[in-house]
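Once you scroll down, you'll see the structures, which are given as structure tokens.
What follows is subunit A paired twice: with subunit B in the first complex and subunit C in the second.
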Partner chain A sequence: MTAKSMVLTVAHRLAILAYIVFALFPLFWLLKVSLTPNDLLYSEGVRMWPSRVSFDHFRFVVAHSDFPIFFRNSLIVAGSTAIVVTILASLSGYALSRFAFRAKYWIVALMLLTQMFPLVMLVAPIFKMLSPLGLTNSLTGLVIVYSAFNVPFATFLMQSFFDGIPKDLEEAAKIDGATQFTAFRQIILPLTLPGIAATIGFVFTAAWSELLFALMLISGNDAATFPVGLLSFVSKFSVDFGQMMAAGVLALIPACVFFFLIQRYLVQGLTAGAVKG
Partner chain B sequence: MTHTSSTDMRVQPKRPLLQRLAGACEPYLYSAPSLVLIATVMLVPLALGLSYAFRDVQILNPFSGGFIGLDHFRALSQDQAFYRALRNTLWWTGASVFLQFFFGLILALLLDKPFRGRGIAQALVFLPWAVPTFLTGLNWAWLFNPVIGPLPHWLFALGLLDEPGNILSDPQLAMWGPIVANVWWGIPFFAITLLAALQAIPRDLYEAAAIDGAGPFQRFRSITLPFLAPTIAITVLLRTVWISNFADLIIVMTNGGPADRTQIVASYIFTQAFKRLDFGYASAISMVLLVLLLVYSMLIVLLRQTMLNRD
Partner chain C sequence: MASIDIQDIRKSYGAVQVLHGVDLNIRDGEFIVLVGPSGCGKSTLLRMIAGLEEVTGGDIAIAGKRVNDLAPKDRDIAMVFQSYALYPHMSVAENMSYSLRLRKTPRERIQSAVSAAASKLGLDPLLERRPKALSGGQRQRVAMGRAIVRQPKAFLFDEPLSNLDARLREQMRAEIKKLHGDLGATSIYVTHDQIEAMTLADRIVAMHGGVVQQVGSPLDLYDRPANLFVAGFIGSPGMNFLSAHYVPGENGASVRLGDGTLIALPQKYTLAADEPVTVGIRPEHVELSDADGTGVDAGVELIEPTGFGTILHLTHHGLPFKVFTVDRTHLNAGPAVKVSFPPGHLHLFDGEGDRVTS
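Showing the complex of A and B:
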């Protein structure tokens, strides 16, 4: 190895390291403050690691706050949304992948359009529509709204997974007398299982993070999702930094779990329509 | 014999017709549930919202709901906060997209080179993308908080700040808070899409160019950039629209303050609807935003047409 290429390699590794530090530092700080006992919080403000670690903040948040309820609500909402969207999107994604039909162009155009226009402008009318139906302040209402927002992106994602499976499989099944739907259910779906898991992961992460509609549609503590609960906690008890950050760490866990599950499919997911980036 | 075959011929076309009909319906049956959901939860509210723009809709006022014509738009044309929000949107979108793209491209180029531990490095640098946006906002707001976060002290030590204060409450600097958070959160998006495009470039092109004596910079300019150009164009244009509508971080970190210095149009709409419960005015602003975005999309289409014609 020549001296020049040595220098280049070292510079390359250092640059990667810099990116890793930048990416992880805020999360590290979150964890650090959540583990710092209250009496050290201000005296050791900018130290990289507290001289004493305690789990008191976590214990308090889990035992004496509403965060377990928020966590459960968010799990219900994000989980149901992920399941509903994945079922709907595998059907419509299959239609886009396997059929040539007249309205296809318009369906694709409509779904692309929904990815482009500002969802924030729907906040007011959706509130007005859901409120007489009793769907504000309810987890069901959130599931319906989030499902609609995520279906277009998930459809494109599922379509890309179906496109990767050869058509001969269904054709062979149809020659044996199966209908297209049977072939879809019994042959194609099982082959798409990794894709289905990825779609569930993407939709779950998106629904877990959603903030604006949850703020607008939910007002009480009983139906509050994690972001709503955390923000109201922040505005009420804005000095309990340790507890806030312990709650933040809890909110991070499901997102990280799903991130490592869907990591392999990031490229496909981001190019399919990019619902949350 | 002849008789039966002729009835057969008369009957036979019927079944394929039915089958054809069923076959023609099939794709619609598959896509119907998704389309119905999108129509009821997105298109109907969209139409409803457009009608609110011409009506007086306030949740706290039971006598509201009447048709008021263009009053909202007249008020909007006098609204200094709205013009400020428009300028802020340009600044917020421009700075965020540029920085995300710039650092994302560098990261993609770094990760394109094979090295030991690339898989784990990739997972770690892409992790911010998975962090929920509300938590990203809170996390950075805490980092900028002089009581609990290190950033003000570091910036002060570097001489970038006169005192270790919170930039989120400084009218001149506040916008940098959400922008930095957005860049942190959005770099992975550009890095992932650009990395995918980079890995699709045939490797032998680089080898051939190296044999012909092209330096690294020359290879980047004449092989990498042309191959990346379509991906860059599409992602940057789409991201621009997306980020200009992205209000979460601002709502969480500054709520538009101090003194509307970080208010963008999207967060202004949300504030009108959520805080003031003035759905009519919020819808009027939404309509203006929609028109602006349509104009932007038309410009892109036109640009694309002229580029295609020139080639």
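Showing the complex of A and C:
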């Protein structure tokens, strides 16, 4: 290794390190504040780590706040949205990838069009539509709205994964005696697991952290999701940072567990060896 | 096992017609090779027989039953793909048994069928492996195993050896031929490799531009090509073509090349005097002698030794042609030689490119 390439390598690694520090620092700060006892929060000045840590905030959040309800609501909404969207996106992505049909171009264009509006523009009309249906202040309403917004992108995502699977495989399955749907279910779907995992992960996190619609469509704590719930730590005269951060740390757990579970599929290229290569 | 009858099959994609009415009757147990250059429609025809492409016009019948509108799964055929198309998430055994499992065959029957096919193809030690842990040749074998494990009415092969290296291709070619001998199954094999076509086929179907050019035994196509396309496509190195004019002559017919050289023909033909023709001769049939011998003058441009023989690139008054000889004394031939064209080996084609027979 020459001196020049050594310098470049070191610079490269340092740049990556700087980026990681930059990206993770807010998370670190979240954890730090959540563990700092209230009496030290304003008295110690800016320190990287408090002189004493306590789990009081966590205890309070779990035992004495509505956070468990928010958490359950978020889990229901994000989980249902992820499942609904992934099923719809798998089917429509497969159709876009494999079939030629009339108006395909226009359907794609329409789906793309839905992605072009700032969501704020749509809050009022959506409220107006859901209200007479009794879907405001309901988790079902949120699932429907989130699904509607996530299906187009998830469809394009799934389509690109289906495009990557050789057509020969399902033709071979059809000749082996499978119907189109059996071929899809038994041959194509298992090979798309990395794509499905990516789609579920993407939709789950999007729904998990969505604030705007949750805030506008939900009033009251019973159907509030946790991003809305976080705001309940803000009162007229003070912000309870310790508890808010503790709730934030707890809210990170499902997302982390989720990605831990699916990371195997995210990195694995299952199609290796399918065709010549 | 079954016969396959193809009647006036047409295929269009929008305004583009790729098959212009193909007729073909394939007998029970016959090994048919569809051969032709890329884009000639041979794969399309095969995929239509398999049911993977819709039929635009005409009829396909397998075992006497019209199958135009049947799904691939209901046609009872097996197919080996160029890409092998093995299911990557299944083991070799699962790949081979998939078709039987779909048909709800009893477990014991599946097991015995898979192990019989595996031992025939030497796949026994690989049954638990996934496709990605196999070499190209092994994957090819699994693809074959998947086809033979159930006894279909016909086997379809879509350029199955194209992805293998030359040595393996030769070996698998022989195995396919042996397998066909053992199973006696009706087979349709698509290739652009004329050696595969010659060695495997009971009958070759030469295709070009969506039209069948000639159907016949390999030696039929080699010895009596129906037109310039077949003559040029079958045989390697390819047949030499010399533009000429027909000369009836009193002492036997001949053709006159551009420079006036006369080449004697084996017989008289019903052609008008001076009609433009193309005369063809295979490189291995051209006779070569030293510059002081008899025959037509030719200059040596290039000599390619292949070990088995030698290919000489010659020109005669700017007209290029090739000679193939196993005589090593010609390795250092040149710069000028004499060649002669034995009349018995000449092929004559008219202005349209069709073989002149009488």
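FYI, the second predicted complex is superposed on the first by the 234 of 277 C-alpha atoms of A that agree within 3 Å, B and C clash if a C-alpha of one lies under 4 Å from a C-alpha of the other, contacts with A are read in each partner's own complex, and residues count from 1 in each chain.
In this text, a contact is a pair of C-beta atoms (placed from the backbone, for glycine too) under 8 Å apart; a residue touches a chain by one contact, two chains touch by 3 or more.
Only a predicted model underlies this, so the values are computations on that prediction, with no experimental measurement involved.
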Touched partner set for A:212, first subunit B, second subunit C, both or neither: first
Subunit B versus subunit C as contact partner of A:105, first or second or both or neither: neither
Subunit A residues touched by each partner, larger count belonging to subunit B or subunit C: B
Subunit B versus subunit C as contact partner of A:231, first or second or both or neither: first
Subunit B versus subunit C as contact partner of A:24, first or second or both or neither: first
Partner chain(s) touched by A:96 [first = subunit B, second = subunit C, both, neither]: first
Shared subunit A contacts, counted only where both subunit B and subunit C touch the same residue: 270-271, 274, 276
Subunit B to subunit A touching residues, read off their complex: 24, 26-28, 30-31, 33-35, 37-38, 40-42, 44-46, 48-49, 52, 57, 106-107, 110-111, 113, 115, 121, 123-136, 138-140, 142-143, 147-150, 153, 184-189, 192-193, 195-196, 238, 241-242, 245, 247-248, 251-252, 266, 269-270, 273-274, 279, 282-283, 286-287, 289-290, 293, 297
Residues of subunit C defined as touching subunit A within the complex: 50-52, 71-73, 77-79, 81, 83-89, 98-99, 102-103, 130-134, 136, 139, 146, 163
Subunit B partner contacts - residues on subunit A that touch it in the complex: 12-13, 15-16, 19-20, 22-24, 26-27, 29-30, 33, 41-42, 45-46, 88-89, 91-92, 94-96, 98-99, 101, 103-104, 107, 110-111, 114, 116-129, 144-145, 147-149, 151-152, 155, 180-181, 205, 208-209, 211-212, 215-216, 227, 230-231, 234, 241, 244-245, 248, 251-252, 255-256, 258-260, 263, 266-267, 270-271, 274, 276-277
Residues of subunit A touching subunit C in the complex: 166, 168-169, 171-179, 182, 187, 190-191, 270-276
